[in-house]
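What follows are several structures.
Across the two complexes that follow, chain A remains constant while its partner is chain B and subsequently chain C.
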Partner chain A sequence: MPSNDQWVSVNQHQKITIEAGTSTLVDVLRELEIDSKVAVAVAVAIDNQIVTQSAWPDTVLHGGEQLSIFGAIAGG
Partner chain B sequence: MAEALSDREFIRYSRQLMLDQWQEEGQLRLKQAKVLIIGCGGLGNTAASLLAGAGVGQLTLMDDDSVELSNLPRQISYEMDDIDNAKAFALANRLREQNDDIEVIALKQRFDLSCAKHHLIKFDLVLDCSDNFTTRFLLNQQCVAAQLPLLSASVIGWHGQLLMITPKTLEYGCYQCVFATADDQVSNCNNSGVAGSAVAIVASYQANEAIRFLLGHVSALSQSILLIDTLSANNQLLQRTRNIDCVACGDNRSMIDAV
Partner chain C sequence: MLDLEVTDKLMISGHHFCSRLFTGTGKFANSELMTQSLSASASELVTMSLKRVDLDGQRDDILAPLLANNMKLLPNTSGAKTAQDAIFAAHLAREALATNWIKLEIHPDPKYLMPDPIETLKAAETLVKDGFVVLPYMHADPVLAKRLEEVGCQAVMPLGAPIGSNKGLVSQDFLQIIIEQANVPVIVDAGIGAPSHAAYAMELGADAVLINTAMAVSPDPVAMARAFAMAVESGRMAYLAGLGTVGSQAIATSPLTAFLD
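== the complex of A and B ==
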């Protein structure tokens, strides 16, 4: 196990191991098995700040971040 | 500010007029306000009733659906006698009984591009109370293009989402900056279920923000999205970011048909 392994929390109840400084939001979504087809209806926030989907591939995680991942809902 | 309050309005609104954030000036703002409500389901029922009660001067209701028995647990303005009647007309009748000092306009039609061109004008605020993604994305795009403030609420199961998009705060993006796109097959009240009490909570938040906006107060929801979790009572306010490539509000938005 590389020494720079860290974790991020997801929706306050799940911890995902990442490689600090290398793993991106896309890697985390892949780890959570949220595929790209479903992910278009998903939003992600890091420490309560939403990251637009186009920025996911370039958003590198450093460990300790609190991720909020949630899907769009349409009901009225 | 035109037109004073009548004696009866002073009595009717006396409790809210006492509020520092409201007062007579605020009530006159509400009286002048015109609000369009898209969708007369659970959210539309409760939100419209709260806005009518508060004295919003003109409410326009739009829905092409009719009342069904399975609507009654959460669409609380409807009664057994309303079944098979148009929701927009049934809700309008109830609101007129609730407050005859306001004007209520009912439109039995679905929100689409052609009706956007006719109706997305001269409103101070639009409430998205619809039940499908097609309407939500179209309404967002058209409100951005028409520079109309949009207060979008949605609910499923025990959860809700609420955000406001205004021309003055577009640097925080729009609905489509949060969700790039979504599929109506994913989830709706028909296939996922919904708690009537959760609907009322989300609609009450929506009405509260609408009233505060019309009174002239700054809303945190103009730059964020509120995730409402009625199971854990643990709500979350997330800051939004504009996607410069957004098809609705981004730098290339001229691709969208403007109203």
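== the complex of A and C ==
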């Protein structure tokens, strides 16, 4: 039976297994333990296109995407 | 008695600030010390950066204490080497921090961190059109300050000296021209290493200063933060009061009539 498992890459070095056509951005973020509390200060881009937080639950992944997750850090 | 908190608020894009001391959050030994120092500084605006989240490392939440203290957040575009990078970073920051304020900084050269004027102007123009309140970090170049103002920047942030150098107002003569010509607030950013430098910037008529390194790397950052707060207020008060004219000849402060006449 063919598997629907595919990969997305996260922040250039980590790979996460997804179910192509079913997994959403929220699923991946949950797996990475970037929960809703931390997500207040997080921005996500898929293939260098920013995905607004309200669209995360409806953003279905198909495999091969490059996810970039950014967070706030100290700086001047 | 002049109460600056009541009478002399700074306004940027409709937002009032009682304190003219802006602060950075970098280089503090830990976030508790950062919070205490920023609280001692009475600063109401803090800068921060954005970075790819380290998925394996610890996630230090610097935001919670800042938001608890009701601070206005000013994310920067640090790390951007081009206008394109900076525009992307600004949009990420808006998404992550729910603010349209951005400290635009583009410095491709890591040795001196000199801001790239051409990329900065390009990015500023686009970001203003995209609805951002743009505060650009820039060299103390009066022509560039005007150009940035003309494309809609809500303030300009000329440097005193290279970032983190603690050299003070090396660019003083050009800062004065910028201050004289500006129709938007002038925030002296970078290079201020001592409260006396900050006071001097305020005496020259700067609208605010931004301090990070000098505070964060002090052996006692909380006391240094307080010292900066006092210096900024003192300098501002002196500017409003009006400084005396500088001359090369003595002008007596006591009557010069012969003592026993």
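Simple rule for what comes next: the second predicted complex is superposed on the first by the 72 of 76 C-alpha atoms of A that agree within 3 Å, B and C clash if a C-alpha of one lies under 4 Å from a C-alpha of the other, contacts with A are read in each partner's own complex, and residues count from 1 in each chain.
Everything below uses one rule, namely that contacts are C-beta pairs under 8 Å (C-beta built on N, C-alpha and C of every residue); 3 or more make two chains touch, one makes a residue touch a chain.
Fair warning: this is a prediction, and the values are worked out from it, not measured in the lab.
**Q** Under the superposition described at the top, does placing chain B and chain C together on chain A give a clash or a fit?
**A** In the superposition, chain B runs into chain C.
**Q** In the overlaid three-chain picture, which partner chain does A:32 touch, first (chain B) or second (chain C), both, or neither?
**A** second
**Q** Looking at the overlay, what does A:14 touch: chain B (first), chain C (second), both, or neither?
**A** second
**Q** Contacts for A:73 in the overlay, against chain B (first) and chain C (second): which applies, first, second, both or neither?
**A** both
**Q** Applying the touch criterion given at the start, work out whether A:41 contacts chain B, chain C, both or neither, answering first, second, both or neither.
**A** Both: A:41 reaches chain B and chain C.
**Q** So, A:50: does it touch chain B (first), chain C (second), both, or neither?
**A** Both partners.
**Q** Across the two complexes, find the residues of chain A that touch chain B and also touch chain C.
**A** In chain A, positions 38, 40-43, 45, 48, 50, 52-53, 68, 70-76 sit in both the chain B and chain C interfaces.
**Q** Which residues of chain A touch chain C in the complex?
**A** Against chain C, chain A makes touches at 10-12, 14, 32, 34, 38, 40-45, 48, 50, 52-53, 68-76.
**Q** What part of chain A is in contact with chain B in the complex they form?
**A** Checking each residue of chain A against chain B gives 38, 40-43, 45, 48-54, 68, 70-76.
**Q** What residues on chain C touch chain A, complex-wise?
**A** On the chain C side, the touching residues are 24-28, 31, 34, 47-53, 55, 59-63, 75-76, 78, 88, 91-93, 95-97, 163-164, 210, 212-213.
**Q** What part of chain B is in contact with chain A in the complex they form?
**A** 39, 41-44, 128-133, 136, 153-156, 159-161, 173, 177-184, 186-189, 192, 194, 225, 227, 236-243, 245-246
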